[in-house]
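Each remark here refers to the structure printed beneath this line.
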Amino acid sequence: MKISARNRLKGTIVEITKGATTAHVRIQIEGSVITASITNESVDELELAVGQEAYAVVKASDVMIATD
Amino acid sequence: MKISARNRLKGTIVEITKGATTAHVRIQIEGSVITASITNESVDELELAVGQEAYAVVKASDVMIATD
Amino acid sequence: MKISARNRLKGTIVEITKGATTAHVRIQIEGSVITASITNESVDELELAVGQEAYAVVKASDVMIATD
Amino acid sequence: MKISARNRLKGTIVEITKGATTAHVRIQIEGSVITASITNESVDELELAVGQEAYAVVKASDVMIATD
Amino acid sequence: MKISARNRLKGTIVEITKGATTAHVRIQIEGSVITASITNESVDELELAVGQEAYAVVKASDVMIATD
Amino acid sequence: MKISARNRLKGTIVEITKGATTAHVRIQIEGSVITASITNESVDELELAVGQEAYAVVKASDVMIATD
């Protein structure tokens, strides 16, 4: 499947925290850690696990720019 | 200002394309280029320019996870 | 690629309108037409065309519920 | 109330799962099930219940396009 | 129609700028001006006009918190 | 830090409800209360507390317009 979302960053899952309905998945991408808030069901369906390679995917309209 | 958005990736602006109302700003972050779709006014107000250091900022609930 | 976004609806592209930077893509999905606002570049990269089968993909946290 | 969000799909609520703060509501829309992640309070305020007719509402800028 | 989005702020439309596909609508709400980026079609369908009363509507998961 | 998000509304935090992973923060802004759904970690990192001044921040592409 190819998706229109412009931003895909490859990394390694370093932490998965499941809540009651919402999970936080952290991916180490080069020097940074990205946090994704997704459904518990997505974690199960994609069989996500710590140590696994995965992508953080973000639609361009959800990216903001900041300056110091 | 400190913001709740979990994800801030530092890089260098490599391209700014203004449309009629919406601009695309590209930031080189280590090996990747991130595209942000923001208003033309934000580009003006933050005085964004190619070559400048900037951050891509993304709320955790806007990050998806993908696997191969 | 498998993605965490919960919602994928299959249909047929019935209209593509490119703006200066932002395109509107309409997909007929059973009795409804879904409008997606994506970058012109995504339209080009995915080689989207009217008549083509495609999916509308939406993260669960971007879906609201309404009642009459 | 009329809202600018382009996409409204009518269906029947088939499942409501409340978490600590976030609920997942599933709506059967023709052949598909759409998952919405909303606040528990919205579920209470709209008095959502399984079997009820409801709409999934999505802003066009939150819709992505994917192809096989 | 009742919608799950938690945040509805009533004000007066003070500016509408249509782009090629995307419009910016500004609403004066007490001491602040809120900018909404919506489709040109929504502007037409809702027959939005400067001087009109309208609401800015935002899903709770799209609100961030910042501190000085 | 300056951020591209167009909308910043200043108010006072009136309620913080932490869930398993997701917190709801309510800010009183003039006559309205805004609800933000953010991560528990953001609440901790920004040391948010009831009675504190804070801003609700929203990207323009996440604002919808509604009319009566």
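Per-chain numbering from 1; labels A, B, C, D, E and F assigned in written order.
To be clear about the criterion, a residue touches a chain if its C-beta (ideal position, glycine included) is under 8 Å from a C-beta of that chain, and two chains touch if they have at least 3 such contacts.
Here is each chain with its UniProt name: A, B, C, D, E, F = Transporter.
All of these numbers come straight from a predicted model, not from anything done at the bench.
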Chains touching both chain B and chain F: A, E
Option reproducing the contacts of B-E, where over half of them reappear, out of B-C, D-E or B-F: B-C
Cα-centroid distance, chain A relative to chain D, in whole angstrom: 22
Between chain C and chain F, centroid-to-centroid distance (C-alpha), Å: 29
Multi-partner residues of chain A (each touching 2 or more other chains): 1-6, 19-20, 22, 24, 35-39, 41-42, 46, 55, 57, 59-62, 64-68
Chain C-touching residues of chain E, taken from the complex the two chains share: 1-5, 19-22, 39, 41, 59, 61
Complex contact set, residues of chain E against chain F: 3, 5-9, 24-25, 27, 29-32, 34-38, 42, 46, 48, 52-68
Residue numbers on chain B that touch chain C, as the complex places them: 17-20, 22-24, 35, 37, 61-62, 64-68
In the complex with chain C, residue positions of chain A that touch it: 1-6, 36-39, 41-43, 45-46, 55, 57, 59-61
